[in-house]
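One chain, subunit A, links the two complexes that follow: it is found with subunit B in the first and with subunit C in the second.
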Partner chain A sequence: MRGALVVAIVLVALSFLALTASILLGKAWRELRDKRRRRRRRALEPLVLDYAHGGQVSILAALGGGVTAGDEPVVQAILLDHVQRVRGVERDRLRRAFDELGLVDRYVVGLSSPRWWRRAEAAEHLGLAGAARAAPRLAAALEDDVPEVRLRAAKALGAVGGRTAVAPLLRALAAPNRWSTIRIADVLADMGPKVLEELQDAFPSLAAHAKLAALDIIARIHPVESVPWLLARLSDGGPDVRARAAHALGVIGAPDASPSLRAALVDPEWPVRAMAAKALGRIHDVESIPGLRAALMDRDWWVRANAAVALRRLGPSGIDALEGALADEDPYARHQACLMLEEAGVLDRRVAQLVAPGSAGVAAEWVVARFVESGLTGRLREIAATQADERVRLEVARLLGAPAAAESAR
Partner chain B sequence: MAAAKRILVAEDDPVTRRFVVSLLEECGYEVLVAEDGEHAVATAISVRPDLLVSDLVMPYRDGYEVLRAIRNDPRVAGLPVLILSMRDREEDIVRGFEQGADEYVVKPFNARELVARVRKLLEPRRS
Partner chain C sequence: MSVIGLLQDAIVGFNVFVLGYFLALNTIYLILFLLSLFEVLRFVRRTFFSDYRQIMQSEMTWPISVLIPARDEEKTIVETVRSLLMINYGEFEVIVVNDGSGDATLRRLADAYELRRTDRPYRRVLPTGHVRGIYGSLAHPNLHVVDKEHGGKADALNAGINLARYPLFCSIDADSVIEDNALLRVVKPFMERPEETVAAGGIVRIVNGCEVREGRVTRVALPDRALPILQVVEYLRAFLTGRVGWSNLQSLLIISGAFGIYRKREVLEIGGYTHDTDTEDLDLVVRLHEHMRRAKRRYRVVFVPDPVCWTECPETLAVLARQRNRWHRGLLQTLWIHKRMFLNPRYGSVGLFAFPYFAVFELLGPFVETFGYVAVVVSYVLGILDVPFFLMFVAVAFLYGTFLSIAAILLEEISFRRYPGWTDIAKLLAYGILENFGYRQLLSAMKVKAFWDAIRRRRAWGRMQRRGFRSEAVSASR
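Showing the complex of A and B:
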């Protein structure tokens, strides 16, 4: 019994010793390896950069004809570090180096690794290497079970670019996960105008949420050549599609879209009306003033708010329309007009004109009186307390119907 | 033979720093480095380079502070400064110019564009 106990203690002690030794040896080995790699990097990096700057026609020539197994991770790290920091010819050369060194083939194999992080890393590296020939394999990785792999594959496809990358990304756009859709939409938007043709062609077959993402992508790319296609979407059966199309037209700022957007101000669905109002403001379409003026009385607050913002953006004629709306029978229209005129600084300007002679003073008094009637008098009270010109303070106090305030101001 | 123009590169990221240094040396310039904003200002004042290529995000003093310090010091107030930054928002670029930058290049950068802008800043001013 005692002998067995001693044997057990010795075994445990030996196990601890072996474990400690393996940890120490592992650490020492890693430190030695890292030290060697740092040393090799100092030697190899200038050669890689000389190749990147065009001093050598190939990376293998730059590295003296070949790369040893020990140097390969060092060269790979150098290429991965630098390829992310540059554009243009230098990046093209660095990307070619991945292929020349056989790294692209290795990354493609890595996409089939049983370990998900290896697959994710391989996808990311293929993107950095700009490996266009790996596009079909990256497209297949968009179906991976692990979201991180799918996302990195999508980013890599975006980085690889070219039309081969667009179709699989469009299919992935229809993924049921909203978060994936948003991130893939980011990738497609970053790819720019080259995605437009396929995006528009694929549009009818996309799922509802993917259609909305597609319209947002077009808005972010904001290409003028997509205006006719977007105008056609204003007649789509889906109200969200119509609303996003109106938004995209506003972002593009296409004057040709104004008549259709004016018509959309009376769309039966409020999101469409709201987006149409916003778009007309962005396009600076002064002919839309009557429609926007009417939209100030819309039954939905978002439409009213966007119409007021749009009128403000239309400059002096829009501001005139907002001032005209101060006398509107509709309390919503008056309220929105007050809010926007105050925000635009018009109220302050009108207050300063209260003591002006002639029609300017009369017009200013009319505007201030409408603000008082609306009950939105917070800013007026601030002015009555802080305005430097005593005559203006007294006028504001009088219009606020506060004789005591007027007296104290006096 | 004229002496090579001297360029101070202020960049805390070692990889970018090495790339920029190798690129500018390849073009025949003499390149000095600073790894933070504090060091960049001190080196600019003591060495008086012909051009400063500066990152914006750096330890101790960011690129904007470096620009302010340079523009407020009569010894180096006229030093041409090229900002090389990842910050690509309009307001960052405008702020860079407002603080006195002569050029602004966004990372990832095109090496030939960077060299062209450096050359433009180093060539004698046309009257």
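Showing the complex of A and C:
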């Protein structure tokens, strides 16, 4: 037993020393390396930028004829940083530098690495380097076992100008991973209107959640030419598709869509009604006020809330409609109107007008009295206690029907 | 046989038990460390390709309700809320629940964020204490404050859940500061496997000694005092080699109350937080496991190693003792309430591995350690102590304890490297050794006391004494 303990002591002590040494030596090595790289970057960055601005015909000439092994990661980091910041001729020159330095060949080899993160990194760098000649290899990487590699390859393929990326990206939308869906959607949206045709063609065969992602992609591209196609989606059998189509129409802001969206306010499914209300607010469709006013009485809270927000967005006529809803027979509509008027600061403005002469004062009293009737008096009570103008405090207290409050306000 | 003889036999038997216990415990620690090493390296590589910017900007990212229960938090609440309002995330709301504070918590919030009373509807889906008022912010439309009568942290969180609009909610302690990308990192498991993920937690680090400006940790440094540094080492070990390992085994029993994110649907299904234990965070996760296993639904509770939340730790022994007393009482209460899960195959790896581990090693470990010291003294008095063997055993135990602490520091160094200075690393290494001489024994004694208190049904929250975040490093103000 003692022998075993001695062995254990030696083993644990050696492990302890090895761990400590690896922490200290690793840190020392990293710091020395980073210090050297920072120093070399200060020296090399002006040379690379001089080349990018056209001061030299080639990157090798700019760097004095070649790059040492120690400087190569530094030059590569400079190129990767700046190629993402510049546009036009300067970016083209920086992209040529990747090829001239042999980095593109190295990245292509990296696509075959047994380590997935090296493959993903190689694909990412090929995209940044704009390596069009690597497109076939990137297309092959779209079949990689690791989703991260596929995604990087697709993004790179999109960046080097390949419509070939669209179909595999659409296939990848089918994965249930929402994290990856968002990034694929981002790649597709960044590719712009050129993806629309394939996206719309592929739409019927997409999985349910991929259809929603596709509608969001279209919303982000803002294509006015897709409005008829989106309007047709408002008749889709899936309520979520109808809702996302309504959302997309609101984001695009197409006035032509207003009649269909007004019709969607009475869709049997609440997500569609809620999104239609939101979209009408975004389109600033004043003609939808009666429909939105009716939506304030919807049985679903989200529809009521979105209708109230939409009315607020419609400006003075929408606010008038919200104030009109304060006298509605429907308690839900009254409640929602109260909340929105309170949030929009209308209640505070009306309270301040209580002591105003003429019709403004009468209108203000009518609004405040409706708030009191609705029972939503939290804000009013706060005003009654904190308003700077004593006359206003007294008026609010009077309307609240609280003699004690009036007394304390006095 | 004489009494002395019986005592000698008992002590020898106990020593053999301790030896076996020691071997089993350290084997588990080693396995957890190796699992953690694998997982942390994988996490770091995947984080490199995470595209947080796209996730943040996407409308498809799930919105989150951030809940902050606050009681007498006037010193830190404004900074905490500010750090949350500035966080990198698309759509979120911050709900502060003022749980009957006796200080100026509500007034500080009202002054800082232009609060005014609103009539926002409050649906009492979960039963809570009386809600006195709901406030909205003129400056920040996504900030809401619930003012309610005191009902405890669990009650405050339930009130927050009642007001929350979004499908995910995140609970954050009022004395905590979270990093810019923390929500994005911790929501990732929900986005990757939306049907299965029900809860996720992130690493909690100690803010004492760091510089905090405008609700942001702007300079990371270790505290000057010994007690907080010892806790830094302890937290690194607990989070990086403990929870990461348990998460890998799909048996994570605790998500820190300081920073955790949950799917609201499942939390509502189990009735929200309860007042049955002193550690509502542990109890909630255990009930989620129990509920999902009984319902035979696929699920997972995940620990993400680096969505950093910075929190204050106790700086005095008295406060530390109260905190640990509550934690250990809570562990005992939770294990007792859910004792049917112990070694029950119906609950899978949670019942077969996590529960026995927490019961035998976390709950009873302090007893074994404390009685071990007593047995050594008695053995010495009785003349049956094999001194060379004892010294070698102590050497192995202390070296192994040090090895685990240093292993956690190594994980930190190869992955996140939050402590950049050489002095910090030297301090961490030194305190990784020193914690075995006094601190660990002290914690064991505190836990034994907690066990005794739990049996006597003494419950107290063990309040922290807040120093508040400073714009200077904590050390500079001493």
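Assume the second predicted complex is superposed on the first by the 309 of 410 C-alpha atoms of A that agree within 3 Å, B and C clash if a C-alpha of one lies under 4 Å from a C-alpha of the other, contacts with A are read in each partner's own complex, and residues count from 1 in each chain.
Everything that follows uses one rule, which is that a residue touches a chain if its C-beta (ideal position, glycine included) is under 8 Å from a C-beta of that chain, and two chains touch if they have at least 3 such contacts.
All of these numbers come straight from a predicted model, not from anything done at the bench.
In the superposed model, C is the one of subunit B and subunit C that contacts more residues of subunit A.
When the two structures are aligned on the shared chain, A:Leu5 is found in touch with subunit C, with no touch to subunit B.
Once the two complexes are overlaid on the shared chain, A:Thr181 sits against subunit C while remaining clear of subunit B. In the superposition on chain A, contact of A:His82 is made with subunit B only, not with subunit C. Of the two partner chains, subunit C is the only one that A:Arg379 touches; subunit B does not reach it. Of the two partner chains, neither subunit B nor subunit C is touched by A:His284.
By the document's definition of touching, of the two partners only subunit B reaches A:His53; subunit C does not.
Of the two partner chains, subunit C is the only one that A:Ala13 touches; subunit B does not reach it. Contacts of A:Ser22 after superposition on the shared chain: subunit C is touched, whereas subunit B is not.
Once the two complexes are overlaid on the shared chain, A:Arg91 sits against subunit B while remaining clear of subunit C.
Every residue of subunit C that touches subunit A in the complex is listed here, in rising order: 45-46, 48-49, 51, 54-55, 57-62, 116-121, 133-134, 136, 141, 188, 191-195, 388-389, 392-393, 395-396, 399-400, 402-403, 406-407, 409-410, 413-414, 422, 425, 429.
Subunit B makes touch with subunit A in their complex at residues 15-16, 18-19, 22-23, 26, 107-113. Contact residues of subunit A toward subunit B in the complex are 45-46, 49-50, 52-53, 55, 81-82, 84-91. Residues of subunit A touching subunit C in their complex: 1-2, 5-6, 8-9, 12-13, 15-16, 19-20, 22-24, 26-27, 117, 120, 124, 148, 151-152, 176-183, 185-186, 212-213, 216, 335, 338-339, 342-343, 376-379, 381-382.
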